[in-house]
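The same subunit A turns up in both complexes below, where it pairs with subunit B and then with subunit C.
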Partner chain A sequence: MTTISIEALKQRLALMEDAEVIVRETADGLRLTFIYLGSLIDQERLNESILEPLVRSFQNSVEKSLTTAKISSLSNLEQAFQYLMKGSVLIHDSSSGRWNAIMLPNSLGRSIETSETETIMFGPKDSFSELLEQNILLIRRRLPLTALKTERFSVGSLTQTTVVLMYIDGLINPEFVEVAKSKLSSIDFDMFLDSSHVAAFMEDHYHSIFPQYLQTDRPDSCAYALGIGKLVILVNNTPFALIAPITLFHLFQSPEDYINRWLVASFLRPLRYLSFLLSITLIPLYVALTTHHYQMLPLQILYVIIESRSKLPLSPFWEALIILVTLEIIKEASLRMPTKTSQNLGVIGGIVIGQAAVAAGFASKVLIVLAGISAISTFLVPNYLVTKSSLLLQFMFLILASYLGVPGILLGLVGMLAHLNGLTSLNQPYLAPVSPFYWRDWVDLFVRGPLHAMRNRPEALRPLNKYRMNRRSK
Partner chain B sequence: MKCIFRTTIVLLSTSMIMLVCGCDLLPENNMIEEITPIIFWSVQGGGEEDGKITISTLVPPLIKEKKRVLSLKVSLLNEGNKGFNLTYYNELKAGQIRLLFVDEAYAKRGLTRLINTVLTDPNISQRLYLVITKGNFNEFLAKHLGETDNIDYYLYRMFKHYEKKKQGEITVVNLHQFMKMLYSQVSDPQLPVFRAEGEQFLYEGTAFFDRDSMVTEIRGKDDQIIQLLYRDRFVRYLVLPDLAVTLGHIRARTRKKLTPDLSSLSIEIDVKGRIDELNSLARIEDNFQYAALTRKIERYLEENVIRLLSQMQKLQIDPLQIGELTAKPFSKPITRATWDRHWSTMKINVKVRLHLEPLTKVK
Partner chain C sequence: MQAISLFRKTSHQESGFYALFLTNRIQMLYYMIVMPSALVQPYMLLAIVAMGIASQFCLYMLSKWFVTPYPAQGYQGFERLFGKTGIKILALVSLPLLLLKFSFISVSYADIMQKFVFPSMDREWHIVFPFILSCYLALFGMENMVRFVTVVFFGTIWIFFLYIPFFSVQSNSIHDLYPLIPIGPEPFAWKSLLLVFSSLSGPEFLIAISYWLNPQRKMLKYLTIANAISVGEYLFISIASLLFYGSKYLPTIKYPNVEMGRYLQSPIFERVDIILISAYMFSFLYSIALFVLMIYGASRLLGKTKTSTTRIGLIVSGCVAMAVTIPISKWFWEPGLEQAVWLDLQMWAGSATYLLFPLLIWIAIKRKARTTS
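Up next is the complex of A and B:
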């Protein structure tokens, strides 16, 4: 272990323009050296809370002069650098030769804003920001419990990202915490700039296109997840928290489900499942029917499709592929373009896809309608990652449909179901409570039952405290 | 080892799913723009010495182009199908056939061969309407060759409309129903009869079959009365010119009962309806005259039902499937010969009860 010296520190901080080394003498004649990175610390607080009291102090040590600040004593050079890079001021007392560190991190960051990825009409509007402490605060405000534990981990050899594992002790199944802790401890990678990077290393099946950790920037979603016996992982410098363990069905649930009337929510939820199914199979079904099974089309629709396809140069598969790829190009462009120009994109996209493609004979009117329905359907799924996954699935089904027709689509669906059945999230089955079967959990699955009916926490999560209601009051 | 096991499982399940789905590894080209899915076949003739039939269809179906009638003289139905392909630029596919028009002369010679050919074709749906035609059907088609004249499609829609909810205006029979009646031990099939006359395609009545051969047909008033004898039917109008009365919105509930020794049949028909039209001097606001008219209609219907059933008895046919009533659980079904013997001598009692709805708008 290397001992700390000013020379060693200066040597390491060479060519760092924001590194400051200042020397001050106290009223008592104590010579103090302050070393810090100007960009990382709060300069104002340094002047007001540390420099001024120390310089005016008649005490003979830093600890005695600063009664309010949390002072950590440093023992070696590596520890000193860790503190320095996290926004601490290193103070060297020349008389005693001791090194101390005081955390003064710069709290510059976004204020609490509305979530842009998971927008809801009613309900709480606040969302996480990049500041970890602020994010913890937002959850703690909702769950003022001493049982709400926060355990810190550090991941990434370069980024040294702080990861906080949150759970309600005494409620959550301890197995989840154990698995999450072991997974977090075993992470070995250099950079973690987003929670999805952490999720990628914690996932049981990283080849799958289905996310096994739910990413959300809504503190209310996190609080609800914690309350029913899940754990939340917060990652520094990203507004997206991870919720685990999840199932496929969680990806179709929106916080608004619990705000809407239960009958309305129960109507909307199956609509989401249906729209997901539509988004992945509608165009493949069109290709299958127009390529292989003309018998299955009702005469009325056959009439429309024959009319629409009679003068097209491309086969249904290529027609669908070109339209889907074009649609994706437009969707991707709309994400990357500045907001002000995206309106132009809408107009150009609308004309190119809607009018010109049909007029030029590249696509049939029926396909344009189906592509529109399919594209809109993808947006009904609340989880953005699933929306993106559905695109790949759609292409897979498209290829199967063009070769094997409807049996191909069925084959794909069976394959997808088999894959989903094999997935796990934090070692928990991904299709629970359907497989394995937990009847009680169905009250909040395909429909959202009334809150009064949700007396128990999900059985599939096996929480230590099963009941959500006080059993004596009933 | 694990990898081999997994691959085996995947391949096995894939092939099983494909087999279960009836998936052909070498599928035929059914690309919608390269084929012409025709809607009907019309079969005529069969009386010639060489036993040849004429098969016709209309192409292109549905799309807005000038139509033409394809007609071929062939010995076998599928010979015609193949012949059509050779005379038309697109491949004609039979998978969307919804109508099969059969000439009266052909129907009188027996339909089994034709029905079996259509029935065994896996591409052809059993929801195929069978129709007996009179007159020159090809000539009728020739008058509907305009771009927007989708006569084939409109005829299909007409049958579909009357089939739905058993409208009771015309007889509609699909292939499945016909096959069921044809292969039943004790029942005989029936089909609608249409006459092609110039541009018109007129509904004439219902043809009755003895096994697979058409033996007789009933028309007009008789056809309407026979509609009442099915289990639950809705008939919009029952026009009785002999009594100068039209009954409307009729719901008939018929109960048929056979005696255990099959010596007599009693039929009770509850007819609910209203008087839609009255072209006589009967004053129905008068209770006695109203009762007399009701009684008169009941008598009239009873007589006509008995007359129609007697006709069926004479011909030893059973299109109303009365023979099905002999079927009992845990007992052997009776043979055709036994049923014919009993049916031809069976005593028939008919009781019609007319429940006329009050004319609420009339005071």
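Up next is the complex of A and C:
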């Protein structure tokens, strides 16, 4: 362990123009050296809460002069640098030779805004920001419990990102906490700039296209997840928290499900599953029918398709592939371009795809309609990562449909379900409560049952406290 | 990276539902494929009920196995009951039966697929493609396979409801369901009995996977429900086909169930049978994946059981099953021969295993109880 010295600190802080080393003398004649990084600390608080009281103090030590500040005593150089880089002011008392640190982090950041990725019409509007403490506050406000535990971890050899594991003690299955802790402790990588990086290292199956941790920037979603026996992982400098363990079905649930009337929510939820299915199979089905199974189409529809395809030089597969790739190029471009320009792109894209492609004889009108339905369907799934996954699935199904027709699509579906059945999130099955089968959890699965019927927490999560209602009030 | 263990067990969730779903889906496997020109007279509906009762007797014997402590012990449980040599003999007997079942289902399904969906494609390809996917399914291990049955059950049970419209066809006549009691001695009635009984066979293979089923005391209840659902489905589809075709025309059709799908109409699709046959693949794939795992398990019992399981081992087992199936399809599945030989063979083998395996287990349990007391 290297002992702390001003020279050693100055040497390491060389060529850092925001590093400050100042010396002040107190009224009692105590000589104090202050070392800090100007960009990381709150300068105003330093002047008002530290420098001014100390300079005017007649006490003979820093601790006695600053009775309200949280002062940490430092013992070695590495520890001093850790504090320094996290927004602390290092104070050296020349008379006693002691080194102290006071945390004064710069709280500069975004204010609490509305979520842009998970918008809802009704319900809480606040969302997480990049400030970790603020994010913890937003959850603690909703769950004012002493049982709500927060454990801190540091990941990334370069970024030293703070990760906070949150759970309700006495409710959550302790196995989840143990697994999460062991995964977080064993992470070995240099940079973690977003929670998705942490998720990538915690996932059980990182080759899969399906996310195994739910990313959300909504505190109400996190509070709900904690309340039913899941854990939440907050990562510093990112507004997206991770929720685990999750199942495939959680990716189709929206916070609005619990705000809408249960019958309305029960209608909308199956609609999301259906749209996901449509988004991955609609165009492949068109290719399968027009390539292999013309006989499956009723005569009136067959006339429309034959008329539409009669002058096309391309096979249905190539026709669909070109349209889908073009559509994806336009979607991707509209994401990267400035907002105002992207609106124009939408119009140009619509004209190019809708009219020019048909007029030029690259695509049939029927396919354009189906591509439109398919593209819109992807947006019904609340989770953005699933939307992106569905794109790859769509191409896979397209290839299967072009070679094997309808049985090919079914083969693909069985393969996808088999893959999903093998997935786990925090070692818990990804297809629960269907496989493994927990019939009591079906009240909030394909439909959203009335809240009164959700007396128990999900059985699949095996919570320590499984009742959501006071059992005497039943 | 976690070492692959195809036969590991991590979950101890007690649920009779897996046994229920498995029993029902396996029992429905054949009936859809081979239903049969043998079950064409209305009075044969009674054969279904009679064989349902006989099947219940087999399931009763099977349930006796589930209440003993042996299934929960896995291999050790079998070893305590039969001894090491006994297990090897059982594995040796089971292997050809499993291979026969595997081949028969594969070729039958491929035959339907070729006839109704893809006539231009060789039948062998219809065997190979599903086989590849079933190997993928099996690679997730027995525990995953067992719980996947829920997805399979809910993914295929809806097919049954598509037959409801056949009860409301205007040309239906109640007279097609008469006579319910046979008049005079009927030739080959025993064959239809045997066919129904063999169609209901399959649950005996639950013995091999009982370790992963986490059996509980009420297993008979779940097995009974499954059997009742299967018998109900048999009756339902048989009555639908009798009403739709009439008992005179029915014997002339090879796959009445599948053909009926052709008459279903929707505003978007015609030839709904193509979708039905494809959807039925779900059940079929699951079953062959389960049989591949069982074949691998049985071959390990004959060799070294202490070495860990490997993906290659499973794939090799699957390839062996393919090596039996492809030649059967290529050279020994001739028109006429399939009915005369393979269906008969499967009927006898299926009925024998369904009756003898639970009986054997029951006797072994009784014997063991007597020797230990």
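For the reader, a short list of remarks on this structure follows.
FYI, the second predicted complex is superposed on the first by the 474 of 474 C-alpha atoms of A that agree within 3 Å, B and C clash if a C-alpha of one lies under 4 Å from a C-alpha of the other, contacts with A are read in each partner's own complex, and residues count from 1 in each chain.
Rule of thumb we're sticking to: a residue touches a chain if its C-beta (ideal position, glycine included) is under 8 Å from a C-beta of that chain, and two chains touch if they have at least 3 such contacts.
All figures in this text were calculated on a predicted structure; none of them were measured in a lab.
With subunit A as the common reference, subunit B cannot sit beside subunit C without a clash.
Look at A:301: by the touch rule set out above, it reaches subunit C but stays clear of subunit B. In the superposed model, A:292 lies in contact with both subunit B and subunit C. In the superposition on chain A, no contact is made by A:456 with either subunit B or subunit C. Once chain A of one complex is fitted onto chain A of the other, the partner contacts of A:422 are limited to subunit C, with no touch recorded for subunit B.
Look at A:436: by the touch rule set out above, it reaches subunit C but stays clear of subunit B.
Once chain A of one complex is fitted onto chain A of the other, the partner contacts of A:404 extend to both subunit B and subunit C. In the superposed pair of complexes, A:414 makes contact with subunit B and with subunit C alike. Once the two complexes are overlaid on the shared chain, A:150 sits clear of subunit B and of subunit C alike.
Among the candidate segments 8-16, 26-34 or 134-142, the part of subunit C whose C-alpha atoms clash with subunit B in the superposed model is 134-142.
Within subunit A, the residues touching subunit B in one complex and subunit C in the other are 292-293, 295, 297, 404-407, 410-411, 414. Touching subunit C in their complex are the following residues of subunit A: 292-293, 295-298, 301, 404-407, 409-411, 414-415, 417-418, 421-422, 429, 431, 434-437, 439. By the touch criterion given at the top, residues 13-14, 17-18, 21-23, 27, 30-33, 35, 37, 39, 62-64, 93, 95-96, 98, 123, 125, 150, 153, 156 of subunit B touch subunit A in their complex.
Every residue of subunit C that touches subunit A in the complex is listed here, in rising order: 11, 13, 15, 17-18, 21, 113, 117-118, 129-130, 133, 136-137, 140, 144, 147-151, 154-155, 267-271, 274-275, 277-279, 281-282, 285. The part of subunit A that touches subunit B in the complex is made up of residues 289-295, 297, 299, 302-303, 305-307, 309-310, 312, 315-316, 404-408, 410-411, 414.
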